[in-house]
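The structure under discussion appears below in the form of structure tokens.
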Amino acid sequence: MKTIHALLAAALGALALAAPAAAADRSPEPHQFSFDGPFGSYDRAAVQRGFQVYMEVCSACHGMEHMRFRHLGDRGGPFEEVPIGGEMVRFDNPNDNPVVMAIAAEYMIDGEPDEFGDVNERPRIPADPFPYPYDNVQQGRAANAGAYPPDLSVITKARYGGAEYIRSLMLGYDYEPPADLELRAGNYYNPYMYGSVIAMPPQLQDGLISYEDGTEATAEQMAEDVAHFFAWASDPHMESRKSMGLMVMIYLIILAGLLFATYRQVWSKIEH
Amino acid sequence: MSGPSTYEPKTGVTRWLDSRMPIVRLGWDSFVDFPTPRNLNYWYTFGGILSVCLVIQIVTGIVLAMHYVPHVDMAFASVQRIDRDVNYGWLIRSIHAVGASMFFLAVYMHIFRGLYYGSYKAPRELLWILGVVIYLLMMAAAFMGYVLPWGQMSYWGAMVITNLFGALPVIGQPVVEWLWGGFSVGNETLNRFFSLHYLIPFLIAGVVGLHIWALHVPGNNNPTGISVKTKADTLPFHPYYTTKDGFGIVLFFIIFAFFVFYWPDALGHADNYIPADPLVTPSHIVPEWYLLPFYAILRAVPNTLGGVVLMFGAIGVLFILPWLDTSKVRSMRYRPLARWFFGFFVIACLGLGWAGAENPDYPVPGLGAIGVDFLLMGRVLTIYYFAYFLVILPVLGFVEKPKARPASIEAAVLEEAAARKGRASKAAQPAPAE
Amino acid sequence: MTDVNPSPEGQGPDGHEAEPTRRDFIYIATGGAVAVGGAFVLWPFIDQMNPARDTLALASIRTPFSELEAGEQVTVMWRGGPVFLRHRTEAEIAAAREVELASLPDRDSRNENREGSPASDENRSALAAEVAEGVEIDEGLRTALIVMKANCTHLGCVPVGEAGDYNGWFCPCHGSHYDTAGRIRRGPAPENLHIPPYTFVSETTIQIG
């Protein structure tokens, strides 16, 4: 038993060592998400609303390079089950999912060259990527006064604080900047940002969009939903991971018990 | 220690095989009937745990190489594809990434165990040196593996570490360009790191073979440090230590699985989920936790070359350790002074790790008031690190008076058992489980 | 150390044996648990080599068919290989329907939409394909349409259209002649051109796969 304590202590010590020094003025506000904890899962409705916020607000400037429309209908995705004729239908292959197909088809993409070598636009299919706002990094920089809006595919994994950070950042524009801080034009004070100065203007205001499911679109609600959406997009297999983890843990604990019994049995006649 | 073989082939096939290539005999003598001291504690299960770690890394690594693309434009995306689209890719990558940390966790336990029980002392010097070679190879493999996802920490970690070689006089710049295959870390660098990252684990497996060979000639050391004298001191490896190691491995798996399934990114760095960008340096470049103590030693010296020399010296000193420790007694169980210095050494290593993770200019919590920043802390602990090997261990052998040691392993075991029984009968209750 | 150790069965120095049933049960249960766990661990390592989600996402494609005029053919790529989509002329259909089924080298339709059916023209044409609910497709059009994997059943070459002795498809590699329903008539190919699973998902589009 001493060994286990030692191992755990060493592991925790290692974690403490890896923790970074905070350079923002404020740590993200704690917030309870449905996916927190070892049994937490994504709230499909929240992810759907967050996707709407992303598409209608964020996607004007931020791309999600690694996302495909089919991911929305994958196992664990927001549109895995969709209502058809008043019934919830599950599609194992997101390609056959009419809601995912309809969402994808709203956006155009350059198709394969035709027989004359001309490239024509066609509606997107589930296998296609989310539309990207820029053709290249330079264009993105030029369009945003030199600050390239980061890709959001894995944003909650790429920032300490994850979804709480996103939510806090989106709502973090109301603080009074310190008196000695000189903000250049096009910069904003946001204490949750690394360095506390951000080039993104405040985005969310009450009633900015109207949710398809009728939820009231307060800034608070949108920030929470979009954080929820990014958490799912960054870690789409979280639910499978946690449920498999539970099985593995139960198995390992049983196996440890059996092996300990075997060990005791084998050593029962030996002084050691 | 490896006496005459007790293997007796029982069937025609095994007799036929045994007279041509006695591989079954080798396995039998090495892992079934191998005489092992009967008093090995759980610290000795880390050898078995490390073998399992190596196999896990090789198997998951081969699988990941089937999906990974070693190209600067596609590496990050291919890792994302593994996480999102490859069947169980998220699981296999998580095992590989967490596995690297678990491997180092186990190897540090293994090394500290060897330091405490004097497992590096004669006749096991070569065994120890081979172990240090494995450790060096592990660090090389881990460093190159961390570059492969081509995130910000991958790129800038590769930049910082390769640039260290630039500190070498005269040949510095040519050596760095040779390592890069260009004038900066780039696609060529990524490709060669991928190739070497695939190669090194097999080198490790080879050296592990030598390590086990070198172990099986003198046999295991043990917590008393007393050499095996009679048959009563040992037990056959199977079933006694297969079951004990097996139990230890499963306990280790529980910690491993906890990280894989519930905290997969805890041991990594968030910045590595940002694609590599040669134009933007992360605000705070740190290596993975298992290399932090060496990073602190590197930064303890104001001169880059001096830092590099000291950092490699920190590992180099391990090679000559068997001849630095002058004590006649192996185990620190019987070395009243040495065990204190060893305790401080463990704390120094942890402290160096802490100093390596922090900004050197920041004050140490609690000690900032007296002007101690992490740089100073790193320097003091670096001095202790080297003093432990170069001053304390050589001198202690002459000045320390060891405690009385039991006559044999068997005597030590029976003494302990008697003490345990005495304690149990005092507590007027049925003897609890051990 | 030259002593020979006791064999594992030798157990303790006093030679005392524990009651065998309980001991055996623990050993068997432990061994069984390890074996079962090992089998479960194997699966992810096997399954990772199966087609990934992005590959599966392209395993079914949608392609328009309604713009094809009689006598026109397009080739589309599906699962890494070419597929012919042909709107046959009246003459081609008539020629295909005249053939005596008993005289065919391969009498199976080789149609995944109607498995095991005889190689009649109807079973080869789009009449055999499923039509999604609420979609109306003209029967004449379905009779005229034919969808086939464009790989010769001999060794996989791509046959040339409107060619060969039967004015269907002709494989230049080893001289296999297919008729206007894509059935093998002469040459080394053993089977009719294969027909992939496909469905009419709208008045203008079929989904292959």
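Every chain is named by a letter (A, B and C) in the order it is written, and numbering of its residues begins at 1.
Please note the rule applied: contacts are C-beta pairs under 8 Å (C-beta built on N, C-alpha and C of every residue); 3 or more make two chains touch, one makes a residue touch a chain.
Everything quoted here is computed from the prediction, not taken from an experiment.
**Q** Compare the CA centroid of chain B with every other chain's and tell me the farthest one.
**A** Centroid comparison gives C as the farthest chain from chain B.
**Q** Count the touching C-beta pairs: is A-B or A-C ahead?
**A** A-B
**Q** Rounded to a whole Å, what is the gap between the Cα centroids of chain B and chain C?
**A** So the centre of chain B lies 50 Å away from the centre of chain C.
**Q** Distance-wise, how many Å sit between the C-alpha centres of chain A and chain C, to the nearest whole number?
**A** Those two chain centres are 37 Å apart.
**Q** Can you list the residues of chain B that touch 2 or more other chains?
**A** Residues 81, 84, 91, 235, 239 of chain B touch two or more partner chains.
**Q** In chain C, which residues are in touch with two or more of the other chains?
**A** Within chain C, the residues that touch at least two other chains are 53-54.
**Q** Could you pull out the residues of chain A that touch at least 2 other chains?
**A** Within chain A, the residues that touch at least two other chains are 255, 259, 262, 270.
**Q** Which positions of chain B touch chain C when the two form their complex?
**A** That would be residues 1, 3-4, 6, 32-33, 35, 59, 63, 66-67, 81, 84-89, 91-92, 219, 228-231, 234-236, 238-239 of chain B.
**Q** Mind pulling up the chain B residues that touch chain A in the complex?
**A** It is residues 38-39, 42-43, 45, 77, 80-81, 83-84, 90-91, 94, 101, 105, 108-109, 235, 239-240, 243-244, 246-248, 250-255, 257-258, 260-262, 264-267, 269-271, 273-275, 283-284, 286, 288-290, 292, 350, 353-354, 356-359, 362, 413-414, 417 of chain B that touch chain A.
**Q** For a test of understanding, state which residues of chain A touch chain B in their complex under the given definition.
**A** For chain A paired with chain B, touching residues are 2-4, 6-8, 10-11, 13-21, 23, 38, 65-66, 71, 150-151, 153-154, 157-160, 194-195, 234, 236-237, 240-242, 244-246, 248-249, 252-253, 255-256, 259-260, 262-263, 266-267, 270-272.
**Q** If you look only at chain C, which of its residues touch chain B in the complex?
**A** Spelled out, the residues of chain C in touch with chain B are 1-8, 43-45, 47-50, 52-54.
**Q** Going by the contact rule at the top, pick out the chain C residues touching chain A in the complex.
**A** 11-14, 16, 18, 23, 26-27, 29-30, 33-34, 37, 53-54, 56-60, 62
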